[in-house]
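Here come two complexes built around chain A, the first alongside chain B, the second alongside chain C.
On to the complex of A and B.
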């Protein structure tokens, strides 16, 4: 990215985000990237300031989501479906006459909303007085918070973890980070500590992670297997599930082999990772318990494509896969700049589609309030903030993809 | 004009309690101002941007105040808000940061009238700058 373009902060209240479309990771802290490389996996808590601990664990948290996408079929499949949903909307918009005015919100059918809602819908297969059920998002976030804690606080036990999630994640939207663990702990007690991330991973290899998570908790509880053996392998847990009728699990690789689902960012990554894993490396065991892996090369291989920080620093992973080689529009020569540009464009356009379907107060990182299109907020997901709105790359990208002038888009006036 | 404050407390366990305190503040001390048709308010929970997986800040409350420009209520409301936060900090021995735009005020004890005025001045100046763009 051009040096003149600054990297903006996220909105307040969010420590970090990873985008479902471009898989770019954003962290809302001052730039501490240099320190991060050196201290990534050290025992941090008592040695470093709280901000640094937060920064480091936030990067780990979002990085774990990327590992999940490359290993567990539910996340890969959801990303592909969201991508296809976006493409459908683009195709429908292109069918409007190019000079017709489009009024937002778009009045067209889209599968995106129901997919995003489905991720938040709790399966009530199991519940406790405090936890009404578990959604796919609860499984995704519950596993990620758990794995992050285990990576950074190696001496933590079940009670310590319960205390932490009670203090930090027990109210409102924050419960999504702790509901799955609290539910499983209610049924399985201390024993959950050594198998929680495995159950989450297996649930995320299914079609319905919320429901599958509950089925595994039930199956393991009924089997009594934890009486004799606390640290079960992934295969032992799969076998426990099979005994209770739990089948049809797929890793991301199996999903690609079976369904052929293609994602412009994730597919090349999966291919690259699989080709470069060491011989006899147990990828499934790694995906289920990443905190037990101390091979930095593996984490380097699976890090997200782009990082940006509030401290005006952006890093492109030096070993991006060629996003164009397997795609519909393959090219002979692809540079890192082309690859990074694809991620930025993809995020911007997918963000614009969401904002066209559901206009809202999306957080605008851009300070150029005098831009004629500022009020539309369609560009909220466009990463580089230009020196002036006249130099912004969003408009060109929008018009190229939607085949219409941005000036033909307007918000419905409030009555 | 809508003013968004992010109130960040260093002890996440107190968020719900602080949330309740802000609600009480709005219902009692600030009721005259909030009930004024010139002012609206909303206390929001942080939420992920659509289409992303986010790690939310466990200690953040977003307070959005809608105040008509030139109503004179902004100064009164801000002064009152800082006072309620100071009382809270005094009672619970926590640190609270109030962020607005790119500015941030850390309140770790009772502010002097001079400090309070300085922060309010910074806030108002920043808000006006944003408004002009």
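On to the complex of A and C.
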């Protein structure tokens, strides 16, 4: 990205996010990138300034999502489906006459909406008076919050964790960060503390993580294995599941080998990670309990492709894989700039597709309200905001992908 | 509290108050256990960790399972919590299974033999009682997501082989019928 471009903060109240299209990690804090690597695994909260702790845990949280995508098939598959859904929409838009006016929202069939709904749909296999069920998103976020806490607060126990999620994640939509843990803890008590992230990981290796999570909680409870043995390995938990008919699990690598699903960012990453893991490294055990890994090299190997800080240009991971070598259109020589451009374009275009299907739901980080296309809000996911709208790279990218002028797109007026 | 060594293993002794025993009033016990059984993790903490005693008869040489007020009290608890054996410490030396089953069945004959009391129970009634209670424990374990096999083993371990075999046979039949 160009050094002249500044990156404004995310929407107020959002500490960070990772984009499921380009997998760029954005952190909404003053630039602390210089301190990051030395203090990433700070152990004692009392020794670390509050701002830094928030910053650090936010990066960890979003980074865990990236680890999940590289290791658990559900997230990889979902990212691929989103990517295919976007491509379908692009194809349909291209079929419109190039000079015809397109009004938003697009009136075309898309699989993206149902997929996103499915992620939020709770399986009601198990419930408690307080938790009506568990959705795939509950498993994803529940695992991520849990792993983040265990990475940063090594002396925490079940009661401490319950207290934290009660304080931070017990209201409204925030419950998606704690419902899975609270449900499992309701049935299994404090024994859940040493196996929660494993159950989540295995559930995320299935087709229906919400349902599978409940099945694992049931299987482990009914097996009685925790009465005598608290710290189960991943394999022991898999075996408990098998005894109760739980099969059909796939890691991301197995998903790629079996289905051949391809994602422009994640696929090269998975390949790079697998090729560079140390001999005899247990990747599954790592994926299930990343907080037990002390090897910084492993975390460096699987950090997201781009880190973005408020007011600072993007920080490209120094060892980006070559996104173009295995893609449908491979190039002769690829630079980091090409790779970063691909991420930025992918995010911008995928974001535009979502905004065309569901207009007005996106936070505009761009301050250039005098831009003729500002009202469309299609560019909300375009990361580098230019000094002036005339220098913006979004329009060119949009027109090249959709094969039509941005001026042919209009928002339907509310009646 | 959970971090204290041996916390989960500590035996909880329920001492039934004389007044409750005499009046056949189980409300104190019921109030506590109704709260416990509502939360699976709490129920599991008490699994096999409870013993029930009657201080009124601590110094009485009589066999307590033959005393009317004790039998009535156990019968009332059992009617409310048919899976109560789940909570009882089933080690043979504590005789909790014996106390429970004997209080729930008619005693066919009693024989005083030196310092021991020998009693007779209807073996068919005992088998039926055990099948029903074990089934209730299985249902309760299903509800709170716990394992029931080891509890069933402990209950059957103190029975005669003949009774145990018949109970298992009935349980398998019950399982078959439920799954059909």
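Everything below uses one rule, namely that the second predicted complex is superposed on the first by the 411 of 415 C-alpha atoms of A that agree within 3 Å, B and C clash if a C-alpha of one lies under 4 Å from a C-alpha of the other, contacts with A are read in each partner's own complex, and residues count from 1 in each chain.
The rule we apply is simple: a residue touches a chain if its C-beta (ideal position, glycine included) is under 8 Å from a C-beta of that chain, and two chains touch if they have at least 3 such contacts.
Fair warning: this is a prediction, and the values are worked out from it, not measured in the lab.
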| item | value |
| --- | --- |
| Joint occupancy of chain A by chain B and chain C, clash or fit | fit |
| Cα-centre angle that chain B and chain C span when viewed from chain A, reported as a multiple of 10 degrees | 90 |
| Superposition-derived comparison: chain B or chain C, residues of chain A touched | B |
| First (chain B), second (chain C), both or neither touched by A:168 | first |
| Partner chain(s) touched by A:280 [first = chain B, second = chain C, both, neither] | neither |
| Per-pair minimum CA distance [chain C against chain B, superposed on A] in Å | 24 |
| Chain A partner contacts - residues on chain B that touch it in the complex | 4, 6, 8, 10-13, 15-16, 45-58, 60, 62, 99, 102, 130, 133 |
| For the chain A and chain C complex, residues of the former touching the latter | 126, 157-159, 185-190, 217-218, 221-225, 227 |
| In the complex with chain A, residue positions of chain C that touch it | 2-3, 39-42, 44-45, 141-142, 144-147, 149-150 |
| Chain B-facing residues of chain A, complex | 9, 11-21, 28, 50, 58, 61-62, 65, 82, 116, 140-141, 144, 166-169, 171-174, 350-351, 354, 358, 362-363, 367-370, 380-381 |
